[in-house]
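Across the two complexes that follow, chain A remains constant while its partner is chain B and subsequently chain C.
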Partner chain A sequence: MAEYTLKVRRYQPEAGEGPYWEEFNVELEPSLSVLDGLLQAKDRDDGSLSVRCSCRAAICGSCGMKINGQSGLGCKTQIGEAHEAANRRNGGGNPIVVEPMGNMPVIKDLITDMESTHWEKIRRITPWLLPHGDPPEREYIVEPESMIDITQSMACIQCGACVSSCLSMEADPEFVGPAALAKAYRFVGDPRDAETKERLHDLAEDPHGIYDCTHCFSCVDACPKGVAPMDQIMRLRRRAGQEGIGDPNSGHHHELAFVKIIEKKGTLDEAELPAESFAFGVKGKLMPSKRAIKELLGSVPTVLRAIKVRKVKARQFIPGLHHKLPGGAQDDVKAIYAHAQAHREEFNIYIKGEEGTEPEPDEKEAA
Partner chain B sequence: MAGQRAALAAAEQGVSVGLLSKVHPVRSHSNAAQGGINAALNPEDSWESHAFDTVKGSDYLGDQDAIAVMCREAPEEILHLEHLGVTFHRNEEGKLGTRAFGGASAARTYYVADITGQAIMHVLYEQLMKHADSVARYEEWFCTALAMDEQGECCGVVTRNIADGSMELFRAKAVILASGGNGQVWKPTTNALICTGDGISMAYRVGAKLMDMEMIQYHPTTLAGKGFLITEGARGEGAHLLNAKGERFMERYAPNKMELASRDVVSRAEQTEIDEGRGFPDGTVELDITVVPKKRIHEALREIVLVGKDFAGVDITKEPIRIKPGNHYTMGGIKTDVDGRTDIPGLYAAGEVACVSVHGGNRLGANSLLDTLIFGRRSGVDAAARAKQIDGSQPSKEVLDAEQAKIDAIGAREKGSGRRVSEIKLELGMTMDKHVAVFRSEAGIQEALDIVRRLKTEAESAYIDDRGSVFNQDMLGAIELGYMLDNAECTCVSALERKESRGAQYRTDFPERNDEEWLKHIDLQLADDGPEISYSEVTITQWEPEERKY
Partner chain C sequence: MKLAYWPGCVSRGFTTELHGSVELVAERLGIELVELDRANCCGAGVIAEHNQELADTLNARTFALAQQTGLAMLNICSTCQGAQSECQQRLDADSAYRTHINEALAGQGLEYVKGKDGFTNKNFLWLLVEDYGLDKLAEKVVRPLSELRVGPFYGCYVVRPKERLGYEDHPDRDIYLEQVIETLGGEAVDYDGARKCCGFPVITMNRETSLRQAGTHLGDGLDAGADCLVTPCPLCHLNLDMQQPEAAKVVNRDLDMPVLHLPQLVGLALGFEPKQLGMNRHVASTGKVEDRLTATPA
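Right after this comes the complex of A and B.
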């Protein structure tokens, strides 16, 4: 047994007061969870302390909350570890800070309004299978790997931790968001779904859709089930690119431009980036589209501002005069790219395990 | 899950449906069904074989007509789910693939990694979102009582909207209870905090018959302490059970099926090892999953990798994990027929809350999801037919006023006037786990019953802290405590009555199965001073009771 202090951000809507902080002292094994701590406080000290919870085993998705600022599940965060994290963050002797999830209105204490935020967005993506025609007499015959592939997004328990942590949503509340987009991949990646193209068009052309993600990894950190919503969003982008679907902010070609330039030079030549992003390939440069010209002209003020604040030097805007890496580093980078291209694989926890390591060849399997 | 399936089936019949749930539907406890769902879908398999395994698993207490219905309709249900979008595991040919499970004579368990229940339930919720026009959802509404008309038919429910505390009376031509089991009556349990036996108690209070209430399953592989479930799929994939001496002790108890004997058999074997000093000092034995190929663990048992890591600090791919039998499933419940009808017209029950009975004395792994889906669907269809036929009565407002008065009275109890609700819950859970568990005796059950009856009195003055209307979970906890105590009392009375050992009921004072006297169901009905006992016959069609060996 050890003693812990939980500092809870409380809000009692009927008290006529704003949110306030309250500390609870609890006593339990370090291997028990922050939720166990909260329930002990509720059982012993104050039954009005409110938190949604049910399974206690990270499968029902009820107890999304922020612990020491990090979004996750109360039942899956060990209280001993949360205590250490609080000390690392704020210095020794500090309480574990527990708050309701972010990006959602708070109803009472740790209970948030998920309906108007999370579920509204889930419904936005047409969250049901749209197969073509009548079902077959038996099951649909599909590649076994395709089912394992989408099982990763199927593992989502709709807890909202990713939504809570999403920085893009903080800036743009209308962003469809990590949970709903991960759910979208569950259909886009499903060979039984007949509306893949329509779904991709819809989500790519929506200004709050797949290109609204800023790649910050917060949702990957927050997700208690290894769904890695950002990875699912990247898969949607790749699929949209493969389908030749343009996106409103040229994000897909911008990404390709990055890869192409670094692959070729071993470092980023920023001078080539705008042209390659907006007027891609030889054809794009010989006959730039109206949109490309508009985008290129539109980027001029950004470039001038960057030079003015000395973020870059003017000479770096001449192709080839980019910053050089010391020694053979650029060749090393090229080698990494070559290796990555040769071993192009998706990361999927159902195939590689939590650590992402490929399972070692098993003696039993060989036998 | 039974509720979602019933709602979809009823809506398909063109009637107006409302779905009430005290938690958001995807938070329901069917999530926890990890391993899979049984069906004889394979051409080499047969529904008769599935049915026989279920009958034998039930220790011949299951009703064979009901079991036949479930097993015959299983393949079609699996295909229906597949067509709706469940991401079932495929074999190399891209067809539905199976895994082995306990008590089964063929590999007939269909699965999605080890999140089968979650995957199916989320797909059913997708369908509810799709059919939002025909099914109105009341998410986070709590039922406090059933409304009855003057003819003794069920005509609605009294509810509390958790978001604002307002009480509302719903009128319904048919009410289907799909509120799950009563695992929270025991501590520890694999069951979620919401599994407080609400439906069983509500039905009992309006005079519905309960059946087989003594049959409470202890699952062989739960984590010590917290009671978390380790799926039977682990043993299905080949994991071993070892005692502290490293012996694969199931050799002595079930030489043929070993770890895949039925759950009551494996749980008793483990408890015997522990009681006779061959377990670990913390009252456990070991489950060794390291014998399963690592690639297969990642693909098929990922949830267990997470549970081991997060809740026991064990990497199951590298070392054995300590487990013990733990409270898991309510085989008994509200007595129904194969269409979910209880003996009260207008009142239906489906899923764990009900007792059809397909599980009898012991449920086979991967038959619970099947039960919820088959009888959920059948209830929905039958309830819709009833709704189309009758005009239905208007429930009297009196029942609403009475419920409001009860709630006001709980809220008005002074702090310190009695015990805390949480204290009573804890004492109840510890008592039941001590006396009404794997091994039972008259003295122990009687002691438990005495305590339960004392707690019932204490609950009448137990106080709560929260006096508000918005999300008053404290109030819900007090109401749930009442439900739990009804469940506990019925289980004790029934367990005391059955003077034999069958399925999950093992009486140390009556260690043999006694078909002559006890091949019958124990039914309970509310009388003035508690549950009144009667008996009903077990339906036997083609499988005569025989000795049960694995």
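Right after this comes the complex of A and C.
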């Protein structure tokens, strides 16, 4: 047995006061969970301490919370490890900090209202199969191999930890978000679904859709089930890109511009990237879209300031002066492009596992 | 110490002050750099979004070029670290996939070999703490930054995902900046944004979201009493420094927060003058930092 201090962010709307911090001392084995600690505090110190929980085994997805700032499940975080994580700096003696999930309104203490930032967004992506034609007499027959690709997104337990951690949603509450987009891939990748293209159009053309993800990996670390929502968002982008679907955010053009510049120059020409992203191709440069004109004009003050302090040189904005790779190296890069464009192989470690490591029991089941 | 050095794209483009500082600081620390001048862009996650195999092969090429030198590889950019680690994880995961990728490199006389001579690819922050050593760094400090309160800003790609970035063996990688700041004599400031996203990856796609992220973190740093932020990522630097006046408009407050590249902060403690480290070429004035520097002992 060991003693731990839990510093809990509390809030009771009926009291008419703002949120406050309260510390609870608990005593339990280090291998037990932070949730176990909270339940002990509720049992021994204050029955009004509110936390949502059910299975206590990382299956039901009820006890999403932030522990030392990290979103996850209270039942899947060992209290001993949480204590160590809280005490790596400042000479120790720090409590384990427990807060309700982020990006959501708080109902009471650690209980959040998941309706507006989770469930509403899940419903927004049409989370059911949309097959065409008459349903088969019995079940749909699919090759097991064709379903493997979506097993990762199917592992979601709807706990909301990824939503809690999402740094794009923190700045743009309208972002469709990691949980809903991972769920969207579950249907986009399903061979029984007949409206894949429509789904991709919808998610790419929404200015708060797949191109609003800031690629910060927060959801990947928050997810207790290895869904890696950001990886699913990147798969959606890849699929939308392969369909040639444009978007109001210029996300697809940004990606194509980046890929093209490296094929041509080997390293990134930062001056060319925005120009290519917004006014794509020859026609786009001759007849730039309204957004292209607005964005390019909008970047002028930034560029001028950078030139003024000699951060960048004006010559960096002259096309063709970007430095080139030496002695035939650019041809080597082009050869790589030819090989990779011909194969486009995608290697998913979640499904295939890593050499020399045994798969986790639940991954075995999923495969 | 001798390393195969990949400077990345941005340090030779919009943040040349970073490239210059690394060269000065490495020499003063006694680190010899062999620049990988034939290497290509890491893809910054964007190429992987387009074609995963392309990103993996481009980075396999860079690793193979580094392996030809027989040296450990150094990068100076959180984004390079993240994108390259992601590709390396896939390459190391499966020998059949590795063979397939190496087919594309064979014509260039290159091959990426998993774990060859204990191959590692580390950014400057990890290298300083794990290989150079903070004790040795402390011995080289001639101008302790004792008056300076510094807010660390890591950049997502050296803190997440932990499972891929070696946190099992090096669990403290997300507090190294604090350790380096304290080793240099400064005070590390805790604030909300230290491990959050600067917003740069969506500056093209959603300018307002992007600038709100940068502006919020800069403001949080100010509120916590930081004199400056320090970052090991030149892309974070672009959003936090070059875009700072625009970010200030979005969050509707004055920011005026100097943002230093990690090698600049180290360089100041090693006795270099701000101008030598290119600090006069930042958009947000670094005057606040310079005012707090103590005189260099002879």
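One rule holds in what follows: the second predicted complex is superposed on the first by the 261 of 367 C-alpha atoms of A that agree within 3 Å, B and C clash if a C-alpha of one lies under 4 Å from a C-alpha of the other, contacts with A are read in each partner's own complex, and residues count from 1 in each chain.
Note that a contact is a pair of C-beta atoms (placed from the backbone, for glycine too) under 8 Å apart; a residue touches a chain by one contact, two chains touch by 3 or more.
All figures in this text were calculated on a predicted structure; none of them were measured in a lab.
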Inquiry  = I'd like to know which partner A:173 touches here: chain B for first, chain C for second, both or neither.
reply    = neither
Task = Scan A:319 for contacts with chain B and chain C and give back first, second, both or neither.
result = neither
Query = With the two structures laid over each other on chain A, which partner does A:306 touch: chain B (first), chain C (second), both, or neither?
reply = second
Ask   = A:250 contacts which: chain B (first), chain C (second), both, neither?
value = second
Request  = Check whether A:281 is in contact with chain B, with chain C, with both or with neither, and answer first, second, both or neither.
outcome  = neither
Query = Which partner does A:150 contact after superposing on A: first (chain B), second (chain C), both, neither?
reply = first
Ask   = Can you list the residues of chain A that meet both chain B and chain C?
value = 349, 352-354
Note = Note: in the complex, chain C contacts chain A through residues 9-10, 12-15, 17, 37-38, 40-41, 43-54, 56-58, 61, 82, 89-90, 92-95, 97, 100, 103-105, 107-108, 156-157, 160-163, 172, 175, 178, 196-197, 199, 201-202, 204-210, 212-213, 216, 242-243, 245-246, 280-283
Key: Touching residues on chain B, where the partner in the complex is chain A   = 23-24, 26-29, 31-32, 79, 82-85, 87-97, 112-113, 115, 118-119, 122-123, 126-127, 129-130, 139, 163, 192-194, 226, 228-229, 291, 293-295, 297-299, 302-303, 305-307, 309-313, 317, 420-422, 426, 464-474, 477
Chain C contact footprint on chain A (complex, rising order) = 88-89, 167-168, 170-172, 175, 207, 211-218, 220-221, 228, 234, 237-238, 241, 249-251, 254-256, 258-259, 262, 266-271, 273-274, 277-278, 295, 298, 301-302, 305-306, 309-312, 316, 323, 325-327, 329, 332-333, 335-337, 339-341, 343-347, 349, 352-355
Query = Considering the complex alone, what residue numbers of chain A touch chain B?
reply = 12-14, 31-32, 42-44, 46-48, 50, 52-62, 76, 78, 107-108, 111, 114-115, 122-123, 127-129, 131, 135, 138-144, 147-148, 150-151, 154-158, 186-187, 190, 192, 225-226, 349-354, 359-360, 362, 364-365
